[in-house]
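Labels run A, B, C and D following the written order; every chain starts at residue 1.
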């Protein structure tokens, strides 16, 4: 699906973060938690390529059917700045949904989501899907400071247990969110089964992978490789994977990911 | 003067034409009729170069001093489309005022302006300057159809005699505006002196040059050569000129023009 | 409208070819694009053996362009034949296989293997990839190297042979002539321009491979010039590419002398570009009172210029 | 912050030079820019005699770039010396004169004339202009031609000699080495890439001269690569250019090995770019705990790449 989606609204959350709502029923209908879209931020050839964004929310229309989706955008460069400034009414090309979604669990299994910064993006749809299946869910969510933590109420309303951390201690625990995660993992009995899901900076995801392995839990991570096409055509987005005892090899994260089994990734080779 | 001018307003006149008002007191203060500015339509590198625009109006602030200027824009390509769509509040780089202005006459001399389409742009400031000097002025103004003729009331309020023509006959004379001009020139006694000013498509200006020569009137034309820099640096904007009996040679229209003596131009070589 | 073209013995229903390395093995796009509607699909460059390619970062964006140093990650020709060709045949794709070797013999071996494969329509000889140390461009930057590889492959196969030329040379037309003399059926150009980008904050190259190949709209004016130079100095049909992103761009290459065109980078930006290109070309032909794509090919009018 | 640089015997107060042909004769910009604050001004290419140049259209925009075929319209060296040099001296400009000839003797004659002119700081030998048929690039595309012109001019003048290299060659570093052997004090690169654009509606070239030179951000990644190649294979100081439009771009060239940089096309877009470049460079040096521009030159770190 490639649609010329109308920008329905652009809500600035801070100087860096905003949420863009797009009319894109055909994409929204098919979207599964953890999938992404490729957005063309400008009309001309500078910037040239599309940019990948997680599907943050699926918006339903008055008939209760999927009518559009939102993106949680953090501005880090030229494309995300254009998306930060985009005016409602404009059209942006939106290709998707793309990629391998998260593996959903069923009760009695529980689900812990671990988000760092804009790594929150894939978890709104995941939390909704888990709730629909009756899975108990928790969110460990870290940011630099209180002003960088968003939508905590929304997760709380979905019945998600929240553990927050900020590097400056302005909200929740001071420090990285992986510290309370480590404690919670250590304190938790083996049953019921527990699935971990992580998205955020590489060091955070790597630490989640390490903790999950140490505690014998399965973890999925959503990686953010640079992507040229999002469709498997360019081979730019590769990640080194080692499955079972096999030799490590590159796979395309746009088609075999962005969600990977944390234990499969050759973390030493992943860019920080 | 190169200023990051705030777009104060953008008034769409039709599907092709709009007027953009820019806050640029330093440019406005210095502007003389016939001069132009170089506008950067986009932030990135596509499109790359600035685009030249006549200064359409000088806008005065509440203190009566020049506060900004407007541009009469016709969309023909990528840059003018960006300017057609520009949102108020944006900043656009605006370099100017540039180029050689019109030569103003004094009473009892009279002034006839000849405009084709967006060639109206340099005449609002010229009409105002002529009125300030007490010079009797007329405007011969042609367009494809009625919907392409703008601001006739404003010129009328400045005491300018209007002669309109449209190619489809939907307003004024049917056909090209140079037809009524030719009749008026033929009908007019030699005194008082008469200055002609023309801006529009090349064939129109060429015909004005021919008529002026035939009737022994001085005419100035404002040319629209493609311009890379507007400052005399790139030598892209040249026009072949023959002055007196001299050999024809290329001069830069950004510094020696855009206003030229119609009799100096080697019309055969000018792009249509 | 007749959009069909001939590249020597190879007849294509239209001149629009997916450029090698920019369309995977074709099958990746089957959900979005009806492969049978393309003139052809030039699949990702293949070596005899599977290759890992370079570590990421493999691409970086530049003004109106991109650098890539994929390093020809690939499954090798045998797995390609076994795993991809059945699907490509089923999907009705006209398949041009882009082949790459470290030695002349490797090209010959690849040509032999592919000659017997049902559904392979032509071979594009990648002697111009700037991203690998051995082979490839070392042939493409030498006239004797080009002649040598092309004539060896020519002898080894009855398939149409299309050497792909590098733009990183002083006189590209000389390479087109060398290819012509060696028996090529057509030439394709341009491959990417050797280039680099540096992260000034870390003072390190942005690509893991230090250098990469520049593609996209940025290079189009140079590529059009090179196609025009080749058109003026050989009689070989030319497959033109480099920054094509619209029907007007494709027509620009055609007017300069390209019989067919390939689209690479723009396919990343707009994977549904193919229908737009076809519609734009048909519209253009209609507006100009023409009925055939070939009416436009090589019609640059330089009178008075 | 110490931004001073040396190009052989030529010492500049900073590395920022206005590129030839993109800054008129310098005097055009005197109202906007204090010329004495620039490292140097490379004036528009001069022949012995005045030249008309090509008819318009002389430029056309392309994605993130532009083509030009000005054809070296100019007033000739004698009028330049008589009419422009007095103003340039008065304005405190460090003047690099870009010279162009149809024959080797013309370069020598130009060098002789300019050697005696007060205020001329160096000669840049334009052996790389793609827009004129005779001379220029015909020297720049041949190693012996380059060596010949440079050594002849070297013998004729005590002024610093800076041949300007064309990017339209297979191995630009070989040309830098030829210039070095012939006694050049530095090399500058790149001149523009030979390119063309076609108006598909009229099927005519967009430039009156059919072909022109591509400049601007589009070419930057190729230019950076070429500077890096020259840096690796000669000891000559390098003046780098091609698409520089920000302090980061200038630093990219420096890290690749450029001692000084020139800014051409970007000056058209932003004639006040010079103060922004200087401020950006000083800010960068400060943030990185450096005090001299030269601390950055040639510091590309390719470890592990």
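Assume a contact is a pair of C-beta atoms (placed from the backbone, for glycine too) under 8 Å apart; a residue touches a chain by one contact, two chains touch by 3 or more.
Bear in mind that the values here come from a model prediction, so they are computed numbers and not experimental data.
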| item | value |
| --- | --- |
| B-D against B-C, pair bridged by the larger set of C-beta contacts | B-D |
| Label of the chain whose CA centroid is most distant from the centroid of subunit C | B |
| Inter-chain centre distance, subunit B versus subunit D - centres from mean C-alpha coordinates, in Å | 36 |
| Subunit A-subunit D separation of Cα centroids, rounded to whole Å | 48 |
| Whole-Å separation of chain centres (CA-atom averages), subunit C against subunit D | 34 |
| Subunit A: positions in contact with at least two other chains | 44-47 |
| Touching two or more other chains - residue numbers and ranges from subunit C | 63-65, 216-218 |
| Chain contact topology (line, ring, star, complete or other) | complete |
| Residues of subunit D that touch subunit C when the two form their complex | 62-65, 67, 141, 168-170, 193-198, 200, 202-205, 207-211, 214, 216-222, 224-225, 228, 243, 248, 251-252, 255-256, 284, 296, 299-302, 305 |
| Residues on subunit C engaged by subunit B in the complex (per definition of touch) | 63-64, 217 |
| Complex contacts: residues of subunit B adjacent to subunit A | 42, 44-47, 78, 87 |
| Subunit B-facing residues of subunit D, complex | 21-24, 28-29, 32, 44, 52-53, 55-61, 63-66, 68, 70, 73, 216-218, 245, 265, 267-272 |
| Residues of subunit B touching subunit D in the complex | 2, 40, 44-50, 93, 95, 225-226, 228-229, 231-240, 249-250, 255, 269, 271 |
